[in-house]
Amino acid sequence: MEYTPRELMVVCAARQIRDSERVFVGMRLPLLAFALAKRTHAPHCVGIFETGLIRDTPARELLYTMGDAPNICGALWTTSTINVLGLMAAGEIELGFIGGAEIDRYGNLNTSLIGDWRQPRVRLPGSGGGADIASLAQRLAIIMPHERHRLRERVDFVTSPGYGYPDEQGSAGVAWRQRVGLPRGGPAVLITTLAVFTFDPATGEALLQSYHPGSSIEQVQEQTGWPLRLAPDCAETVPPTPEELRVIRECDPHGVWTR
Amino acid sequence: MSKLLSMTEAIRRYVHDGASIALGLALEPCIPFAAGHEIIRQGRRDLTLIGPISDILFDQLIGAGCVAKIQAAWVGNVSEGLGHCYRRATEQAQPRPIITEDHSNFSIGLALRAASLGAPYIPTRSLLGSDIPRKNSTFLQTTSPFDGSPLLLVPALQPDVTILHVQRSDEDGNAHLWGSLGICQEAMLAARQVIIIAEEIVAREVITSDPNRVIGPSYKVCAVVHEPWGAHPSAVQGYYDRDHQFYHEYHTRSRTPEGFQQWLDEWVLGLKTHQEYLAKLGEARRGALSVKEHRYAAPVDYGY
Amino acid sequence: MSKLLSMTEAIRRYVHDGASIALGLALEPCIPFAAGHEIIRQGRRDLTLIGPISDILFDQLIGAGCVAKIQAAWVGNVSEGLGHCYRRATEQAQPRPIITEDHSNFSIGLALRAASLGAPYIPTRSLLGSDIPRKNSTFLQTTSPFDGSPLLLVPALQPDVTILHVQRSDEDGNAHLWGSLGICQEAMLAARQVIIIAEEIVAREVITSDPNRVIGPSYKVCAVVHEPWGAHPSAVQGYYDRDHQFYHEYHTRSRTPEGFQQWLDEWVLGLKTHQEYLAKLGEARRGALSVKEHRYAAPVDYGY
Amino acid sequence: MEYTPRELMVVCAARQIRDSERVFVGMRLPLLAFALAKRTHAPHCVGIFETGLIRDTPARELLYTMGDAPNICGALWTTSTINVLGLMAAGEIELGFIGGAEIDRYGNLNTSLIGDWRQPRVRLPGSGGGADIASLAQRLAIIMPHERHRLRERVDFVTSPGYGYPDEQGSAGVAWRQRVGLPRGGPAVLITTLAVFTFDPATGEALLQSYHPGSSIEQVQEQTGWPLRLAPDCAETVPPTPEELRVIRECDPHGVWTR
């Protein structure tokens, strides 16, 4: 069965969600991933939205923003933004999804600006809740288009902290997060249009975990701004099942987010 | 005591050059576009805008030259991407330079919550290791006096005026808001003064029949404006949906300064009032956004 | 997934010796007396009780010997005065010694709010110059890193279990609470686990019809107990009034240890369940406290 | 027209409320004072309750506790306790009423314990919201029975700070509140069963402002544990008007709080 790169990304994202987890779902592909996980292997997962909303069923209609009316109807709780972000700060959210304009080999994300931070060449919209999710969720899943200028050796500005950088006090990775005072978390996975990366918690480095069908390690390297390190079990990404594609297309019948 | 004013009068009296204004606080819904457009028409200058994600209203105010400073987590177009006016102002100082004190959604909420509690700051572990504190010198990185662990102190933020769009209010400013709440209550409690824009003006008894649904204390409200569809193109739960197409058109047209100016002339400066805006929008478009299926909350009995 | 349990089972499974329990969080109304009485019947020991003003339920738990520590702003009988069991425990270590970490209503709310925000503490200027910080060594007096002014840091407080009495809940613990809120939401968000005691168990659709009225996330709820009149003698808005006379009788009878023990035998230990309590209370007395005039909230449309 | 000491106290309390003020009213006599002020000289005053409630009309029925059902019906806002106490912390509440078991010449109140704080002889209920109101309201009004053992030279425990004490760093009064970091406020008035005191902000000392009809300066001194200082315009308390008494008796027809 044919599928688009974004449909495959949705499937990869859904596989990150474990049953009964509380997930900061955001919009677009992660939202579809939440619906897919819910209807396949994770029927008890709960979705959290930074507008101040919790729901355990996907909305009845496709959403353009998380504040759209169909997202409120059927919600278990509609409350203030800081109430739900507070739950995440208290460590109660297992998984969070975010995107980014740029990422580096240590999973640090930039959604703020390109160039010098005092006088940026390109001003991007900023953090939104991204920096909070990257700081506070137990695990972070990142979804991005795979382009060489986006996967850089080092980002211009760390909006959402990943595993930091090696410095005179020690390595990147979990040790860096502990050094700066982040209470938990860090990137678990980076899902792109070409590949899936996991991360080595000891060094904080991205590991190529799988390359999508039709791509290859070489092609991924070509589009990645750092020398790839491969996971020991690096392999081709398992393609979507017909059942997974059927669910995705039910949720987004016109391919608004998946074409 | 009635605080009912026309939008023109409310903005004239209570939004001054140089003021800090919090708006767009429910995130994507209930953005007070009609109020923002009146601020543009009245030519306010040197404003500080406070909000979480701020969708396109911040971009419009920036493009119109009203803004000196932004205190927000995100400025752009939620369903479309970048904010072109925000980019031009930041990158090229067009039409004027602006400065941004970057926040996250949590930190902007905590800043307003701190003010609402009379607390000078609230400590958090969010944003530790992020470069955002570089772009916001109001934050203070320190360590906990309890256990020495690193903390980011988010100082209290008190807007001069918070503008809230709600479903219904009485003439005193006792207002019901439902659906997405975002940081509306925090911003109302933190503010020196509050302007309420309401889809409907209702009797006091409608409001007091459900005091748990009231968003905040009416003694803070300086003006109540009755402006149906005043949040268009954003959504108001139970009243109208988000007009996604409108955001798309704005995104396309605002790519160039000329395109933005034409858009602004057409949708803001060339119209005297929100009534003219609605006439231009047309009944068919409004009809398409209107409620198709009512979904009433289960009854609640406050009796005794 | 249904979390419905009998009161006996809910307390047996989720309230353990030595646990910290938050209850009585709406101040005078919605005090979970039925849950407290079951805790007494099951003979729990070494509990820490957390709450704001705590009316007479704390006094009863203290008198029954269940309590090692109090973290509260006030312990007594709101309409009558002192708490006799609290006095005997503090002054004479009868039936056992207890320690109190004194709070004010604001500081106990801030402590729970801090926990709900994942913040290690919230700073306040309340209680500066008071002797209360002497009686609560968890507070830290310091100065603001911003301007050097004195501050009291109120550390986050995380109850092991928060027990909330609400008007209605579904079987998963999605619950509607209305009327006085006190520090209920803060205590629910701060807690490790939550027990919901509900006047009515309703369908999920009743709750989701009004998600703004939900008190907190049901994923925290470990048990839902259907216990009509479970808050008597405190009030539940829309269900029954406060039984002032009951508080008066308790105050009079608990003056002596013997009188308290008789009261406890009669109203708690001598009864196996809340059903027996209600039978003893009698229909006439319940009728007198029941709703005389319904007062329904104005309709709210979540449609689109 | 005859009246009880408590009715006179209600009248004295009502006179402290200015029009349009936001008042932390509490229960019993201050609540009656709020109703009285509202219906006489302060029609626009707003009452705040620490259960998390604001109302601009008195409840339709007599209340035993502020959480009683009639207090919720007709409220302008019913919210969380910290929302309304937060408004007070932010300086928005002009006047607060509290009572106490003991008070001293500097307006410091004790509702916590008698004797040594480590091993008290009498354990009292504690602060409730009292310490917050004393710390944070713009002005504090105190209502107490006048007995010599309650009006002491120095209280055993300062639950609710008044004007502190003179110490090596300076005087009591406003200067002391500034020294300890209280943001504003301090006792404006102490209303007892025998008299009304105001306070000298410079020294923090209570000044006998008026003695109730039937009492005298001598009798007040006899029941007061510190040597009285008189306000320059010390005089007899102006008695209730018939209109004032009529309103009070409408609000508390059986004299539950006023007999």
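As written, the chains take the letters A, B, C and D, and residue 1 is the first residue of each chain.
By definition in this document, a contact is a pair of C-beta atoms (placed from the backbone, for glycine too) under 8 Å apart; a residue touches a chain by one contact, two chains touch by 3 or more.
Every value quoted in this text rests on a predicted model; they were computed, and no experiment measured them.
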item: Contact-richer chain pair [A-B vs A-C]; value: A-B
item: Most distant chain from chain C by Cα centroid; value: A
item: Centroid distance [mean C-alpha coordinates] between chain D and chain A, Å; value: 56
item: Distance between chain centroids, defined by C-alpha means - chain B, chain C (Å); value: 37
item: Geometric centre distance via CA averages, chain B-chain A, whole Å; value: 28
item: Length of the line joining the C-alpha centres of chain A and chain C, rounded to whole Å; value: 40
item: Per-residue overlap in chain C, given as positions that touch at least 2 other chains; value: 110, 113, 117-119, 124-125, 149, 151, 178-179, 181, 185, 207, 212, 235, 237, 241, 295, 302-304
item: Touching two or more other chains - residue numbers and ranges from chain D; value: 53, 69, 72-73, 78-79, 82, 89, 136, 183
item: Touch-based graph of the chains, sorted into line, ring, star, complete or other; value: other
item: Interchain pairs in contact, sorted by label; value: A-B, A-C, B-C, B-D, C-D
item: Complex contact set, residues of chain C against chain B; value: 110, 113, 117-125, 140, 142, 144-147, 149, 151, 153, 155, 167, 176, 178-179, 181, 202, 206-207, 209-210, 212-213, 235, 237-238, 241, 291-304
item: In the complex, chain C residues that touch chain A; value: 1, 115-119, 174, 185, 189, 207-208, 211-212, 214, 216-219, 302-304
item: Chain A partner contacts - residues on chain B that touch it in the complex; value: 26-29, 52-53, 72-76, 78-79, 81-83, 86-87, 90-91, 100, 102-107, 109-110, 113, 124-132, 134-135, 149-151, 178-186, 234-235, 237, 241-242, 244, 295
item: Residues of chain A defined as touching chain C within the complex; value: 22, 44, 46, 53-54, 69-70, 72-79, 82-83, 86-92, 136, 183
item: Residue numbers on chain A that touch chain B, as the complex places them; value: 50-53, 64-69, 72-73, 78-82, 85, 89, 112-113, 117, 120-132, 134-136, 157-161, 164, 176-177, 180-183
